[in-house]
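In order of appearance the chains are A, B, C, D, E and F, and numbering begins at 1 in each one.
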Amino acid sequence: MARIDGRTHDGLRPVTITRGWLAHAEGSVLVEFGGTKVLCAATVQDNVPRWRKGSGLGWVTAEYAMLPRATNTRGDRESVRGRIGGRTHEISRLIGRSLRACVDFKALGENSVVLDCDVLQADGGTRTAAITGAYVALADAVRWMRSRKMCPGDPLVDSVAAVSVGIVNGSPMLDLCYTEDVAADTDMNVVMTGGGAFVEVQGTAEGTPFDRALLDRLLDLAGGGCAELTRIQKDALA
Amino acid sequence: MARIDGRTHDGLRPVTITRGWLAHAEGSVLVEFGGTKVLCAATVQDNVPRWRKGSGLGWVTAEYAMLPRATNTRGDRESVRGRIGGRTHEISRLIGRSLRACVDFKALGENSVVLDCDVLQADGGTRTAAITGAYVALADAVRWMRSRKMCPGDPLVDSVAAVSVGIVNGSPMLDLCYTEDVAADTDMNVVMTGGGAFVEVQGTAEGTPFDRALLDRLLDLAGGGCAELTRIQKDALA
Amino acid sequence: MARIDGRTHDGLRPVTITRGWLAHAEGSVLVEFGGTKVLCAATVQDNVPRWRKGSGLGWVTAEYAMLPRATNTRGDRESVRGRIGGRTHEISRLIGRSLRACVDFKALGENSVVLDCDVLQADGGTRTAAITGAYVALADAVRWMRSRKMCPGDPLVDSVAAVSVGIVNGSPMLDLCYTEDVAADTDMNVVMTGGGAFVEVQGTAEGTPFDRALLDRLLDLAGGGCAELTRIQKDALA
Amino acid sequence: MARIDGRTHDGLRPVTITRGWLAHAEGSVLVEFGGTKVLCAATVQDNVPRWRKGSGLGWVTAEYAMLPRATNTRGDRESVRGRIGGRTHEISRLIGRSLRACVDFKALGENSVVLDCDVLQADGGTRTAAITGAYVALADAVRWMRSRKMCPGDPLVDSVAAVSVGIVNGSPMLDLCYTEDVAADTDMNVVMTGGGAFVEVQGTAEGTPFDRALLDRLLDLAGGGCAELTRIQKDALA
Amino acid sequence: MARIDGRTHDGLRPVTITRGWLAHAEGSVLVEFGGTKVLCAATVQDNVPRWRKGSGLGWVTAEYAMLPRATNTRGDRESVRGRIGGRTHEISRLIGRSLRACVDFKALGENSVVLDCDVLQADGGTRTAAITGAYVALADAVRWMRSRKMCPGDPLVDSVAAVSVGIVNGSPMLDLCYTEDVAADTDMNVVMTGGGAFVEVQGTAEGTPFDRALLDRLLDLAGGGCAELTRIQKDALA
Amino acid sequence: MARIDGRTHDGLRPVTITRGWLAHAEGSVLVEFGGTKVLCAATVQDNVPRWRKGSGLGWVTAEYAMLPRATNTRGDRESVRGRIGGRTHEISRLIGRSLRACVDFKALGENSVVLDCDVLQADGGTRTAAITGAYVALADAVRWMRSRKMCPGDPLVDSVAAVSVGIVNGSPMLDLCYTEDVAADTDMNVVMTGGGAFVEVQGTAEGTPFDRALLDRLLDLAGGGCAELTRIQKDALA
């Protein structure tokens, strides 16, 4: 079945990763999954949250946000409303957890890296683009730290990438754009390591609940997509 | 491998569902998964949120919270801090989405049901207990509505139950208690319909990322647990 | 004049105090005044607020809240609104002050006890039930501390109980249920020690202002009610 | 026993009520109880809160606040902290309830009066001064309304005044200044109508609980004080 | 052209500065520019904000606010709304910056002065009255500190005063009252030292943008007004 | 005197204006003043704020914000802190006021344009870059509206541009970068129309107050800078 942008069911949108987009950040990436553009900035701090002090271990955390006019209709700023919405919280936590899966905190030493993922333009898959781009920004920040001998070892034990899959009009599809996402019966975000293991699997039946066979097909699709994204990350970092 | 409370790896904790626990609510349940106790109250409202008015469709939503001393160490009240934390938001949204998967909104008519799930005591699996109990409270609220002829049809097209699974010391286990949850390498919450389809699959590698084979074993375990919970829900509603 | 539940004007509703309701708290009580059910949890902390550090004195404080569906109509959560309402603040402060009246802070040492009083179901008199139950939870927490030799002496110099009184249809009545409370011209909450002295007297003319003779009759009624509650507390703790 | 400012135990501090202190408000009073200065502004609005619309009844409400340097040590602004404290809420509610006791809402018609009571300087008894002054500002606002024929009848059925009493060094005393208030074992605020009936009685044992005999003596003192304040209000309004 | 209160285009309204208006503050002034009344209280603190500790330098800051009924229509309290509005923030920052222009922080030592400027009644020019009055309150606070030998030197290197100017019906005018302010095409606030130098120039075209010639005439007017205010400040402090 | 980037005292940094940077917004511009990059998005709404309904007049407003890592050190998100800071408020208001100076609200009809100015990278002059870029985004949004015949007339009566000037090491300089801004004794932001009239003049003596002669030289510099920016805007829109 043809997709609205002519892709095959297992094709990613054009993905570009532009490193060094910001002058000040220790690592920064503009990642694009088709029309989705996320600016990922990595900030290195030579300390850790209070509850981790004295442990010899580092920390990695993330904050996700969307500019008000990233979307088709303008959204209110969360700073103006005075509260962060549930969706923002949820995605920030997801990005942080995902990146921590590839970090050796002992090798990082008592340093922190904060990943700010700000969506400049949204066309579906903002959280998976954010994870995929943030990993590259993190890798750049780690290089920056290692060149200054801040870390006792190599903190990156693997890489991490993420992609969305879903069932649209009964067909499993990879990397949904906004129009597909809205039409999807089931929507799943999968985070995997470069080595091919799962870090997060989050599937939701927006409409009809899905059975095990469909779930298996979605996981297969996601596996292929993450492998391709891993390759793109490697090229970008080369 | 023996579990700390002597269960087999695929055994649920003792589950009890006490209906009619509150005098005022249209449906109310005290659900217990071992030491986890959640009070689920269903409130019927003869209107819908603004964005849904005039659609002829109903709505179901949920709010999750934990009493400060539900846990071993007292937590601050979110009302006192003036903000709802990310975890609370995330679980409230999960419960609402899960219950909506078994509701026919046309048959519900322009009515809403709010499910308040307050954790009185926590010992792991509070979100899965909340979903499992909230479904029964919702069923009671629907009976209350139907006896008053508020609904154009039967809004419940299926039932919904949820259970946690995880990998503890390398072994897949069903329905983790708090001690197991803390020790788990991977933690997964699975929501399924009475008919055996998936509504939500949320798996997270807390430590080592997991491979497809382990994922399959966890999904098998969850399937068995949800089937058993579905039976317990049916008995409770009989 | 007959009351809606058949009580005499000076009769309490059935009062039950169930100790040890929660597994984790150092003291916990489910207190019921008729249909009013309050869960009181005492948390022991081996420190004191900053302004009291180094004084050698302890501290006791309380937080009161109501579950959204404790009442006949669902109320918004204060955590969701992002603010604690005036009534909640006022009652939390009242409970804390009342309990402190029976505590010797020197004998408590530099320890704190926090009393969380969460109303699970409301049918009038939630604040007086909370005080009466919280005293028992506090007594259990003190026993827990003394068995661990945390206190330099016996911190409980007396007991504390509370009851509401009011003028309904011109007649003074003890321990108003919700229907009576709504109809009352004057509503008074009285907190007394086991020894019969006053800790708090809070009377409000909701309708017609009241004269000294009526005030005297209300104080007499409250005295009898508190004495009976003191006896019930003693039995519960025996 | 002599008091620090030489008063007898049943003497008020010098009380002055200056009407028309503000140019814009429909009624405004600077009330002074010794060193305590409260600016009371009455605002007339030709509508009522939403829950009262269509009832034909009016409403009276109050807001109390303290300037940061009203006290000896500067306090943080509640607007800067982003929350109103419990004490502020409690006093605002008390003032509103007290004034409503002398108002016939049918005669007021569907109009509201808001009383803003801002403490410019504090030396004990700010809430009782606020109530006593706010009544006069309310009376002026009512005159303003009646001269414009806004009210179907005369909304003021009585007057309201308030005074504090307490037990200092074992002796009952009237109208405590700050130094006495801090030293008081028991502190009671009493609101009475011009006709001598009670509107509010709020007594708190800060130290030793008090017995019925002391309570009676405090109520006697308060009765005398409120009668004198009623006379001063009448003179101010003449 | 005649002004609504009969002043000439370069005339100030009657200005009065009453020192010592509050009993507790280290410096306090009620400043009146015609119908505008601002209470300025200076609080001395023997410490500095965290970012300045150990520098040997002091700090001066300000907070501006308006009572709800200072204006013709009642405004909501910012404490009740839970947020400080943009205008309040902006003016607080302006007052602080302006006063710091005449302070030698080394001579102040590691002490702070907080200026609370609360508008009791507003009739245009509240920010300029606040700056002019706050300088006098600051001078009194500095005297208080110097009499206690808290400062290593004389912290006041100059004085500061402020006035508004604007173009009303095409004519430049000094010290606009509310009616003129509303009608003004251009509104400018100018802060100057006693020595005649500029500290702040804030001009805004509310309607038609203004040219350089008009700007020059406004600056001339402001220079004359500030010189007159400087003289009034000196008299008040004599 | 040479500047750190080799510019003359009256030279702008390289300015680029890229239109159509965002896919969804009705007008969007990435504006760069040297290392300062601001994304300006214009959103058209076919309604006006409540207080303006029925007037036949439109409205233009703006919101300014900075990404956390726009600066050299990461700043906290205002959404996370739950409050917008004073500086953010002040700049948002300034941008809105400035743009409104070139709009004919009658010709706009009852439509609104919201300008979101998000600083992606900061190197001094973010507010002046925001105003200069936002004007171009507004012009594009107006073209979009006119092509849809939404406006009764041509709402743009002039153009608006802004630049900073300051005194660094005693010399007046145009368009300060961050390093110069920090070192400046006086900092002034000037907003002018394409026709050469002043919309806003905001000058602040950060260090030594400045005299009239210096003020005149700063205004001359700003005039030249704004004229050059007006030319660049015209070219961009051609």
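Heads up, the rule we're going with is that contacts are C-beta pairs under 8 Å (C-beta built on N, C-alpha and C of every residue); 3 or more make two chains touch, one makes a residue touch a chain.
It should be emphasised that the depicted structure is a prediction, and the values quoted were computed from it without experimental measurement.
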Give me the chains shared as neighbours by subunit B and subunit C.
-> none
Superposition rotation for subunit D onto subunit F, Cα-based, multiple of 5° = 120
Measuring from the mean C-alpha position of subunit C to the mean C-alpha position of subunit F, what distance in angstrom results?
-> 59
With chain centres defined as C-alpha means, what is the inter-centre distance between subunit D and subunit E in Å?
-> 33
CA centroids of subunit E and subunit F: separation to the nearest Å works out as 28
Junction residues of subunit D - those touching two or more other chains | 82-84
If each chain is a node and each touching pair an edge, is that a line, ring, star, complete or other?
-> ring
Direction subunit B, origin subunit A - full chain order round the ring | A, B, C, D, E, F
Complex contacts: residues of subunit A adjacent to subunit F | 22-25, 28, 35, 39, 41, 43, 45, 63, 65, 67-72, 74, 77-80, 82-84, 88, 114, 116, 118, 120-121, 123
Taking the complex as given, what residues does subunit B use to touch subunit A?
-> 83-87, 89-90, 92-93, 97, 101, 158, 188, 192-193, 195-205, 208-212, 215, 219
